Each structure stands twice: as structure tokens, then as C-alpha cells.
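Here come two complexes built around subunit A, the first alongside subunit B, the second alongside subunit C.
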Partner chain A sequence: MSAAELTCLVVEDSPMMRQLLVFALARIKNLRVVEADDGFDGLRKLAAQKFDIIVTDINMPIMDGLKLVKRVRSDPAHQDTPIVIITTEGAKEDRQRALALGANAYITKPIQAPQVIAQVKLLLKLDA
Partner chain B sequence: MSHPPHPPPDSRSPQGAGEPLAALRERVAVLERENRSLTERSDRLEDEVAALANVCVAGEQLHATLDLTRVLGLLRELLQQLVGARQFVVYLVDPQAQELQPVVHDNVEPTRFPSLSLSATAGPGAEALLRVFARGEAEIREGSLALAGPLEPAAVLPLRLAGNVVGVISVLCVFEQKLAFTATDRALFELLSSRAAGALAGAFLFGAGGGAFPKPADLLAYVNATIASADRRETI
Partner chain C sequence: MSDYGSSLDKAREDFFAEAQELIDGLGRDVLALDARLKQNAPAHELINDVFRGVHTLKGLTGLFGATLMLSVSHELEDVLDDLRLGRLALSPEVLDIVFGAVELYGKLLIAERGQAPEPTGEVRALLNALGNAGVQGADARASPIARYELDPALLGVLTEYEEHRLRAAIESGAHLFKLRVTFSLMSIDTALEDLKQRARTYGEIITYLPSASATSGDDIELEVILASPDSAVTVADALADLSVAVEEIARAQPLPAPPRMGSRLSPTSSLLPPFADLVAPQGIDAPRDSLGPPSLALGASLRSVSQTVRVDIRKLDNLMNIVGELAIVRTSLLEVVERLRLRAGQREIATDLQRLHRAFERHLAKMQGGILEVRMVPLGQAFEKLARIVRQLSREHDKEVNLVVTGAETEIDKLIVEELSDPLMHMIRNSIDHAIESPHERARVGKPAAGTIVVNAYQKGNQVVIEVEDDGRGIDEDRVVASALRLGMITHDEARDLPRRDILSLLFRPGLTTRDAAGDTSGRGVGMDVVKTNIAKLGGIIDVSGESGIGTKITITMPITLAIIRVLMVSVAGRIYAVPLPAIEEAIAFDERLVRAYDGREVLTQRGATLPICRLRKLFGHDAAPALPTEPRGRAGFVVIASVGGRRAGFVVDKLLAHQDIVIKSLGKTLRGVRGFAGAAELGDQRVGLVVDMAQLIDDALDYSGVHHQPAGALS
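And now, the complex of A and B:
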């Protein structure tokens, strides 16, 4: 798959975590990253364009990551978009629920940039 | 169109057959070793870049706000989400009461972590805090973090401000998947020691000034007056 036109939506309410995720993902060649503050903002951005992958936190105000995964999977336009969720260690139930709702993979905090890059590349079927 | 099969490497010179093949194998082995070495180097560089990114982002975010609640929230976020601290307490010194007072904590029962007297004999778990406060040097557990807890914190960090220690951060324990502190964690700890109290002080000054930014004209007048004063001092 060519990486020329790939886009990633990062949904994270913490500016610090969002900045770190964006920094990590910017290391993937030709991947454009769009940021959203919470699930609702994420949905707004998904309504405006199609993304090749979504990376989302679970615990967020206004609309959490679980609701976002559910809404994304119920929308035919984004049904096949890979979703990576970011969870904390203590949130095993959230993680299982997100996977049951249709998320493709999860990463546990504290996140490591190489791990994020590898997971996104894997789901986008990009060469390592 | 079919091609004839390649002749075996030794078919052209039966007598010296072993030599070119062995040389080729040796060359392949050398290239494989070089490849492994480059991959390892690339992985190390990726880790270093990630570490630098963590420290840069943490430093930038700590100073991105003058709101005290937000600074405290960032401190909490940094410890939990970048370091992987599961339980921690941040203490600030109360010089009048001569004690360290807990101001921020996470996943701990607050009654179990009361103020610590600087003069009284330290109870179990408190020695490290008082020691770090007195010496101003962090104590970070080497190796496995599995046994860290309230009695033996995983890390105790001094909070420095203008050359003085004004508090400590006690990381009691970390998330399960965190096996040991890395070089990135140590860099983050150093950042917390040197910058967190400064961010708190900035928020304090902003709050004490009524929580309002100066008007552009006031800011310009203040900058000009300060520069003029510095120039006068230099002239003298």
C-alpha cells in the first residue's frame, strides 16, 4: 500500500498525550495526522473526511472512546477503518469492551513511541 | 521461454571450488552481522528520539499554562501517563509548621499519607522522603520495581526552586507492565525535579496577580523600565 495519502485521526483529551502521539505518528512517512479533543470532536472530523486509521483514548469527557468506537463501527463509511485504543493498565474491562465493539488493537499506557508506530504500521500494512 | 539451470558454483573450476564459495559465505556472514548491528543502532536511536520527545513534550506542557489547577493536573498526568506511576504523593514544605504537606496524590488513601514533620523521627517509608528533602538528591530504585510500595517507594524526587528544595514527589509504585525505570524515566524525573516547582511558582504568581495577563501597554512599560534599569546598573 502506498503511504502517500494516508491519514490518521488521533482522539485524545490530554494535550500532553496527544502531542506525544502526534510526534510518534509523524515518524511514519507520508502519514498526515489530524487531532481531536474528544469522541464528539472525533466524530465531527470523521463526518468531514475518511481516515485510514483511528487512534483513540478511552477515558475522555463529552464522548468517551467506547462510544466513539461504537459510533464508528455503526457507520458504513468507517466500518472498516482500523481502530487502535489507548488504555490504562487498570482498565481491562474497557479494553475488552472496546475490542468487542470493533476496535482492532490496544496499547497500554505509558505509551512507547516505537510501539505506537509498529502497531499503526501493522494495521496499515506498511513495511516495518 | 525456459532458462537452463544455473551451473553449480564449483562446476567451472573443480579444483579451487571451495575457495570462492567459502569467500562468498564469509562475505554474506559479514553483511548479516553489519545488518544486525545497523538494526540495533537504529532501534537505539528510535528509543532515544522517543525519550527526547517525552522530555520535550513534558517540559513544554508543564509551562504551557499558568493555571494552578491545570499545572497540578499536568503533574498528575505526567507521572501517570509518561512515567507509569500508579500511586504517588506530591509534598510541599510548610516552613512555619516545619513539615512536608501532601498536596497532590493519586490512588492512595489520603489519611495514610499525613503531613510529615521535618524534625520528628521518621516512620517507615518516610525516611527516604526526609532524606531527599534534606539532601536535594533523587533516590530512584534500580532494577525491579515489583516490590516498591509505601514503605519502599519506587522513586523519591526533590522539587527544586531557585536553588532550594521546596518539596518532594514520592512515586510509591508503578503499573504492572513497568518492570524497571528507563533512561527516559530518569530524564523525566530530572525534568520534574528542576521544572515542576517552577511551574507551580509561575501559577502562584499569576494567581497572586489576580489571574490576569498584563495589558500590552503595561507589559511594554515594564520591559522598557527593566531594560533601562539594567543598562543603568551596567553603566554604573
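And now, the complex of A and C:
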């Protein structure tokens, strides 16, 4: 495991869900988590720094996750950043669209901490 | 991880808080939805808001293993998804089910906290209803989106919902426009909301996408797709001052005969195979006319961008206690100043210190005001639930009832608002169940078919008055008296010349009902007495008035806050008591010679009116204390004239001392049963004074009924 600090952007409009994602991700060593509460807020954070991974909800007010994925993928600075999307089981259509736009993986709600940790570690190529 | 358990508890508390907030939001949105449906106004945005709320709630409940809530959310989300994607038309029946679900959420959350048993039966019934409401067979047809030359890249980022809205707009014959607008990334949320509000008059914003073209530094360019029945010129004019570039999106082919809304036939080719198998809208509003009340949408948007924190009210109580301690320090400080002033050669320091003391006092008052302000919430929070109850009950009883609410913005202490919900709900239930007649009966007596319940709130000094008035059949006084006689509450002698006001006050006695058969909703004889007790616990008073046949009006008078009150300090036999100032009308000198006996009670005549008086020395059991020296003209002490909710009585005290702001503290478990006292307060000189409960004392002083309460000051 590299000693350098890794950064993760969590984009989620529900404060509670965000807190739980942060709580789960905090168990990954060396990972610093930055929070954003909708797509635009995510873009603001992305304008300020590069991230090693992005975890974003799909269904958010103001700017949804699909637009965020699209935007990240078309931005040279972030186009290779892995993206994990969070969806509900029901929203198959939106999930497929997000994957088509270039999201790398998805987690379905209700989220389970081990699932989040495993998925993020996998994309960051950290030991399980 | 020693604090793992406590952080779990904290997470659970957060869950309850956020879930409650979501449920409240859902309640508001569903009500607004009902209003839109009645006015035939566009509702798609609200449906989407409700969907998103349930969606988030589902995520939360799943996480916390709240299985009943999860299964309700799951089914509800499906139905809402069908609604927002146009697979299912919004009807009063469907809305009833959604209302039911929101109600049930509230109960489930209480059950989840372990404060009530799980309403499994209700959940089963609702799940059945939701299951039946869903779409039976999807009605697939081709997409009309291909009619426009839309950028495939843009189509790829549409959510399923946005695609549905786009389709509906095209079907309604709207033109599509592409707007390009550049916003600062820092202020985009508000700027975008502004644009949405402006555009709403002309059409519907289908989507917005941060454009792929590189943006400089802090700015971001958005491509916005707007559907509007108006021309490009009109739209461009309307948005002229926002520096928006407007471009009409061309049609790919001549438009076939404009399809009617709800038409099942719409033969168009599809260029979008992955999305083309989606169903088309039917029966949902067209976006053409979006002139619904904008305030609702504005409120919703303000909510989503506002910066708020949730604070446990106990923390505010704690802060208020600290302010109380500081006020005591301030009083002591003033005493030091006074002592210093009397010493030779210290005057200058005393003056400086006094100036500091005044500044301290000013800031302290501001701080107190600030904390109080944080505790204040609009009464509307308690009223929102009422609209739901009215809707539900009037449907159940086949009655038409309009609820008119005024003064929802009146602010009151958060704790009071929460405690007010149940009593208000009970009163509304009573109105619908007993008072408002059926449309048929109303027509017979020449009233409009729909009954009206008016809830009006306003601030009056340090009190908030809430009136609940209906135009129903009113209260039949003869039946009240008959019922009270039957229950032995009054004797036949008393019944003969009981004043009207006292007849009505019998309604608040336990067990009394004027109903012969217990209704579904109320009328079992428990109710108004409980309402009265609950209101009294908060230092409020309830009063009823009305005309038989014309209507009933119930008035609740509440203190504005429970945290801090202004009192008049009085002394009785050397002991200090605090009388809340809002209850006091005036204080006059007491003249023993003017006291008369009337109906076995001592009274004074004051400005032509008879005022019953009560000697606090006697009531509080200080009879043995040495009597006050009577002044030459028979004057001894004062009468504090108090009035709560229109009832007046005079209380004889020895001395009037001073006004003071106090933080009222509970008497604790062992003394909770003592009648006549609202609590205790520190007085600033290490002494403690009892705060009298004027509402209770007046009740006791005016008690006409045959059943005697225990005297104030006695343990009950």
C-alpha cells in the first residue's frame, strides 16, 4: 500500500447518507474524503483539486449524477477518475445510462458499508 | 472503537431527525399536489419531488433495518415512479393512497423509536392498495423525440424522468429551445433557480447540462433545454437581461398532425432504440400553462438551497439556562455597584462599573432574544397536518369541508408547536365529526354545501391566540346540560340558572359527550378534557363559544415561549411568589371595607363589574402569619387582577415587589402534582420563588360546579 494520501469525492444530497458513506470510507486507510451535496457542488470541488475516486448518487436535486458523470468524463483533468454510482434497485434505466456515460461501478441502496469499502478499494487497486 | 456504540446511537438519532424532516416535506408536497389536482394545474415537478423524497427515505430506512418502512417505501416508490413517468394518471384515488402512506410513515417512525406498537395491519392494507394502484400493463409506444434534431450526446444524459418530460412536451406541441448561459460556479445553485423561476412562466426546463466546451476558471457554461409554446422571440425577450443565448431546435421532419394529449396512437419512427421502448405519457398535464401558485415551488427551491442546521432543543434549553445564570450574576453585580457607590472615594469606579453593567445587561438581553428567536417556529408546522386530517376525514364522512388557515406564519416556541398538534387535530376531528352537517342537511337549513373550518392564529402581546371556528350546527346547550345532569356533574338546582359560559365549559369535563352513539372519529366522551389538560400543561387556556345552529368557536391562548417569562414578584406573608406578567391586567390597592360576600364568595366591585377575589395568604396556608398592619383607611396590601382566556379574578397579596425575567424550572417529580404552581425560579439573591399558574388559580377561584377540586397548593 502506498503511503501517499488518496482522495475521494462523495456527492450525495441526503446528509445522513453522505455521513454514512463518509463513515464507511473513513475505514480505508490513507483515504481523505471530501463531501459535496449535489452535482454542481461536486463540480466546484472538482475545479479545486484532482480526486482519486468519485462516489456519487444518481438521483439528486439541482444537478443529478448523470450530468456529473458526463461532465467528469468530458473534462481532460478528470476523465480517468474512477466513478462509483449509487442507485436504487428500481432505477435500472438510469443506472444503465450512467454506466454508458462512463461510470465504472455501481452500488445499490440500501448501501452496506462493506460493499462500499470493497468497491472503492477495488477501483483504487488497494489490497482487499 | 470505544465510542462505536455512541456513534451508532447518534447515527440513529440523525436517522430519526432526517426521516422526520423528509416525512414532513412529503406531507407538504402531497398537500400541494392535492391543490394542483383540484385546480387542474401542472403537477409534474411536485410528483418528482415526492418521488425523490420517498426515494431518499427508502435509502435511509433500508440502512437502518426499518423493514416495515422499507417495504412501504418500496411499493410507494414504484407507484410514484409510474406517476412521474406518465405510466399512471394522477387521480384522487391514487392521491388518497399516497396520503395514507405519508400518514403511516409518521406512525411507523414512532413505532421504530419503540414508542408505539408497529401498525402491521395498516401496513398490510396500504401495501395492498399500493399494489393495486400500480400499472397493470405498460403501454409501450414509439418516441416522438426523434422529431427534433437533438444532440445524441445530450439525449444520453437525460434521466428517464427528463426524457419523459421531453416527450410530453413534444406531444403537447411545444417548441424546443436550446439556451446557452454562463454562470459562476460558486453561485450556480441560486442563479439556476432564478432562471427556472423565470422560465416557468414561458414553459418548462427539461434539463440542463454543463457543456463539454472547456470553461474558464470559476465559470461554467450550461446548455439548457426549454420547452415552450411561445416563439423564439418571446422566449429570448423574456430572458433578455440574463445574457442567455436562445436557439430554437429544428424539427427533423415536417410535424405530423399534432397528436392529442392522451392519444394512444403516435406513429413515429424511433432513432433511440435503447429508450424507445419506454412508455408514453397519458393524462398528465402539459407544461404549456405553468401558472400555478409559484410560491410553493419557490418554497421548495429555497428549502433545497438554504443553509440550516438541526439543533436538539435541549441544547437551546441549556443555553437558556446559562443566560438565566448570567442574569443572576448581573443582579449580584448591581448589588456590588450599589455598595461601592456608598463608599467614599469609590464613586468613580462605581460609575465605570455601572456603565459596564449596563452594557452587559444590553448584550445579555440580545443574547436572550437571539436564543428565543432560534426556538421560534411558525405555527404553520402544526397546521400542515390539519389539512391532511381535514381531507381524509371529510372524505370518510362524505362531507365537504374547506379548511381556511390564516396566521400560519405566527411564531411560537418549538416545544409548544409540537405539543399543539394533537389538541388541534382533536378539535378538527370534533368539528368534522359532530359539528359540520352533511351537504344534504346543510342545504336544508340554507347553508352552503361545503362546511368551512377556519383556523386563525395571531400574536397578542406575549401570547399567541389560535381560534378554530366552524360553521356547523353549533353546541346544543340543552343536551350538554342534560348530559351533565345524567353524569351527576351538576345538580338540577345548578342546572336551572347555569350561565351560558359555564354550560359551555362543561364540555371540558371528563366523560361528557353530547353524542348518543360514539362516532368513528370522536364522541366517545374522552377528548375535550384531555385537550384542555394538555393545553393547560403548556400554560395555555382553552375557551369555547358559539351559537346553536350557526357554529362553534374554540379559542386557545398560549404563551409564546416556555423558556423565559416576565413576572411580577409579589410577597405573601414574607414569601416571594412570581406571577407571570402576561396574565396580569392591573394591580390595585386592596381596601378591606369594599369586600362584599356574594354567592358564598368574596367579591369586589371594580368599575361596575363584579370581581371574585381570592386571598393568597389563605389559599397558600399562611393564615398564621402576622397580619399586615392595616392602614388608617382600611387599605392593606394589593389586589393583582389576572385574566386568562377571558376569565378574571383578583388575588390579594401583601406587597408588589418588582418585574423580572425568569427562567422557569420544573418542580421535579415529587412536587409535580401540586396544583396552582407552574414551577420555580431563582431570584438572583440565592433565593427561590414559586411561579404561580394563573390559569389554574383562576379556574379554582371561579369554579362554579358542584364537584369540588382540591384546593390549590394541595397535593392531588
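Rule of thumb we're sticking to: the second predicted complex is superposed on the first by the 126 of 128 C-alpha atoms of A that agree within 3 Å, B and C clash if a C-alpha of one lies under 4 Å from a C-alpha of the other, contacts with A are read in each partner's own complex, and residues count from 1 in each chain.
As a working rule, contacts are C-beta pairs under 8 Å (C-beta built on N, C-alpha and C of every residue); 3 or more make two chains touch, one makes a residue touch a chain.
As the structure is a computational prediction, the values presented were derived from the model and not from experiment.
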item: Side-by-side fit of subunit B and subunit C on subunit A, or clash; value: clash
item: Partner chain(s) touched by A:109 [first = subunit B, second = subunit C, both, neither]; value: both
item: Which of subunit B and subunit C A:70 touches, first, second, both or neither; value: second
item: First (subunit B), second (subunit C), both or neither touched by A:93; value: second
item: Partner chain in contact with A:14 - subunit B first, subunit C second, else both or neither; value: both
item: Subunit B versus subunit C as contact partner of A:61, first or second or both or neither; value: second
item: Subunit B versus subunit C as contact partner of A:24, first or second or both or neither; value: first
item: First, second, both or neither for A:101, with subunit B first and subunit C second; value: second
item: Partner touching more residues of subunit A, whether subunit B or subunit C; value: C
item: Contacts of A:40 with subunit B and subunit C, given as first, second, both or neither; value: second
item: Subunit A positions touched by subunit B in one structure and by subunit C in the second; value: 14-17, 19-20, 23, 88, 90, 109-111
item: Subunit A residues within the subunit C interface of the complex; value: 13-17, 19-20, 23, 38, 40-41, 43-44, 47, 58-59, 61-64, 66-67, 69-71, 74, 88, 90-91, 93-94, 96-97, 100-101, 109-111
item: Subunit A-facing residues of subunit B, complex; value: 43, 46-47, 49-50, 53-54, 57-58, 60-61, 64, 74, 77-78, 80-84, 86, 175-178
item: Contacting residues of subunit A [partner subunit B, same complex]; value: 14-17, 19-20, 23-24, 27, 88-90, 108-114
item: In the complex with subunit A, residue positions of subunit C that touch it; value: 7, 11, 14-15, 18, 52, 55-56, 58-63, 70, 74, 77-78, 81, 153, 156-160, 185-186, 188-189, 192, 207-210, 212, 217-218, 220, 274-275, 278, 304-305
